[in-house]
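Letters are used for the chains, namely A, B, C and D, taken in the order the chains are written, and counting of residues starts over at 1 for each.
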Amino acid sequence: MRLPELRASVCQANLELAASGLVTGTFGNVSGIDREAKMFAIKPSGVPYDELTPENMVLVSLESGLPVEGTLRPSSDTPTHLELYRAFPCSGIAHTHSECATTLAQARLPLRCMGTTHADYFRGDVPVTREMTREEVESAYERNTGVVIVETFTSAGISPEEVGAVLVANHGPFTWGKDAHEAVSRSDILELLARMECTVRAMAPDAAPPARYLIDKHFLRKHGSGAYYGQK
Amino acid sequence: MRLPELRASVCQANLELAASGLVTGTFGNVSGIDREAKMFAIKPSGVPYDELTPENMVLVSLESGLPVEGTLRPSSDTPTHLELYRAFPCSGIAHTHSECATTLAQARLPLRCMGTTHADYFRGDVPVTREMTREEVESAYERNTGVVIVETFTSAGISPEEVGAVLVANHGPFTWGKDAHEAVSRSDILELLARMECTVRAMAPDAAPPARYLIDKHFLRKHGSGAYYGQK
Amino acid sequence: MRLPELRASVCQANLELAASGLVTGTFGNVSGIDREAKMFAIKPSGVPYDELTPENMVLVSLESGLPVEGTLRPSSDTPTHLELYRAFPCSGIAHTHSECATTLAQARLPLRCMGTTHADYFRGDVPVTREMTREEVESAYERNTGVVIVETFTSAGISPEEVGAVLVANHGPFTWGKDAHEAVSRSDILELLARMECTVRAMAPDAAPPARYLIDKHFLRKHGSGAYYGQK
Amino acid sequence: MRLPELRASVCQANLELAASGLVTGTFGNVSGIDREAKMFAIKPSGVPYDELTPENMVLVSLESGLPVEGTLRPSSDTPTHLELYRAFPCSGIAHTHSECATTLAQARLPLRCMGTTHADYFRGDVPVTREMTREEVESAYERNTGVVIVETFTSAGISPEEVGAVLVANHGPFTWGKDAHEAVSRSDILELLARMECTVRAMAPDAAPPARYLIDKHFLRKHGSGAYYGQK
């Protein structure tokens, strides 16, 4: 994807996020990367969604982490996106404060895989990060948010390709995928899953998760070489 | 109903399902059967709802379980529909991942009949299936989903004509009725009932169900030879 | 109000009910009475809301309880309305299966007065009726529903003018007021109050109600000779 | 801001409140002050939102607390606004009965700061007032509501500039800010935060709050001289 297309695609994905009902005010941001150009485009900081255009998306260098042109500041969460692009094999990232995913994050609870709706998208629990230390918060906070996300996946042996989402403790969700649009659609499904999980926890706190073979069946029905869902 | 009408009716019912707000993404599917022709029409797999037409509904033989024409694959849940058409005296089936019915399924809880809103449509609890075994999941999964639904009704002595819905454990609801439209409208009412049941379970876990005679009164006020609801 | 105006007003109030989002399918009905003519108009049974016209509202005699003209059957809940018009000094009645009011009814819990939003409309708890006996359900069920509502108010010394609503156990709410429109708007506020009450019960089951003097202050700020809310 | 502009701005903010979905019926009101003119404009009492115009906003003197012109009565909550303008350095106030903020108020629970969504707007818990005494309710009730709000902030050492919202026990929220529009947008975010808090309390009553340094980081990222969110 060339840079003008990337700008247009990331702008469009930010508008999809706004249209999804997942954001309040100026919360949330979406980015997409051109891995050959080593550049990603991201929403400018604090700009209302109805003022977004392909031109005001901010281009950021994957190597330096700095904007490469223009005068608008990129999203304040840019260093988090940067860490994720460096560590995870994804090409689009979305961040929201969607209600129920954020609620789980505020309770520091993972989004457990309790059924096939979840397993169709994520192969297992969506983890919640550990609390950040005072040092991590007070210096390079946004970069450290990314570092802690990556640590969460590495230390628990979770594949970021099989589970394209995380809940940042007392903050909210990040999702990622093959492009900005997939990241946004995963934010949408994540919120549905989080609504269901909040209700299960309130009404049936001891409910057992499904067997691993059911989760694998559904994930592999849609993903990978043995997939048979949809048209060829 | 002749086959062109069946296609049109099933396409329309799938669009009603999409309009109902019960589906996210490409989840969900509706079918309808022509029992004389021994053929049912069903949504193609993974096709977005806004691309559905009568022509791309897939016709499947009740006898062979195979598509009888066209090049699109039928819904991956087709073998479940097939088992239900073979065992139950219904002519339309709908499957959704609607939020609260799925939440109950994820907690493996039945949708209890707690009032007259429920009894107007279903004569008693909507059961939840048992967990499927590894063998049932790993081979002929979708067919076995149907087998386990039928087993649930048979083993508990529930009439599929009086209770036109089931919750598949850790998966979601199926509903059925006299045609595809009734199946969809039952999915809609099922979701309302499930929302109420989730709330009762969260706030009043020990609430007692109503007397059987109240349930029977409401069901029979609307169904069967003694019905007196509506116009003659 | 003359009978053509009554028909038009009751039809309009039924349409307001449908527009309010409180009804699913053909659930719910509204009536209004002309006390001089001793006649009330009510929704016909099982007719979809989008087919309602002033002409197909059914006129029922307050004395005989029978339709006085036309060929459509009145709502199956007509005998309940009749009992309420005979016992309570109201001129409009609405019945819904709105989600959270019905949820409380299904748990057989009153809608407690927990704050000023409630006290602005209802001077104290909205009661829930006792369970009906087999005899009450199996003969003259709808009439007995009204009888049990009236008994609930009489036995607890609740004024139907100060509390214009009730929850029928395992069924749903009825509201009443000075005309059909007020009955509908009370159904609307009742549902908001019920949503809040369900949440309080789920998250803070031991929350204490406000002092009686706060309830009285708010009710009397809006109702009666000392009211000072709104314009003169 | 001159008085005609103030009227227009306050009228517009009341319409934003109505459009936000936070109000039912005629609940809710917004005001804005011209501190030089010592005058504030406020919604008239009990007038439907669709009849509001800049001309029917009521001007009230900050010194006398009385309307200075026109024939419409100001909102019955005017004395509460007056107390807040006298004690707090704000220039706009909004009052709603929004569902979940009111639910917390009815349970007499504060809206705890459980995450960064909250800390982006309010630097710490939004407090709930103490119960009012019989004397406070029965005489000068609305004025005393304001007195108790101010007491809540003073006695707990909370800055009304850092926490621009309160929950009045068994009543509902008030929010304030630099003008009427900011007050309304804070009512909107407050409701989102309250929805999340109600769910956390229902599903994870023992969840711990985040560290103070995380709250401070997010609040100061957006507010004050070290802010770096948004464009310069």
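Of note:
Rule of thumb we're sticking to: contacts are C-beta pairs under 8 Å (C-beta built on N, C-alpha and C of every residue); 3 or more make two chains touch, one makes a residue touch a chain.
Keep in mind that this is a model prediction, so the values were computed, not measured.
Bringing chain C onto chain D by least-squares fit of CA atoms involves turning it by 90°, to the nearest 5. In this assembly, the chain whose C-alpha centre lies farthest from chain B is D.
Centre-to-centre separation between chain A and chain B, using Cα means, comes to 33 Å. Chain A and chain C, compared by their mean Cα positions, are separated by 47 Å. For chain A, residues touching at least two other chains, in rising order: 202.
If touching chains are joined by edges, the resulting network of the protein chains shown is one closed cycle, each chain touching exactly two neighbours.
Of all residues in chain B, those touching chain C in their complex are 114-117, 120, 185, 188-189, 192, 195-196, 199-200, 202-204, 207-211, 213-214, 217, 221, 228-232. Interface of chain A with chain D (complex): residues 24-27, 44-47, 72-73, 76, 97, 99-100, 102-103, 105-109, 131-132, 134, 137-138, 141, 169-172, 198, 201-202, 205.
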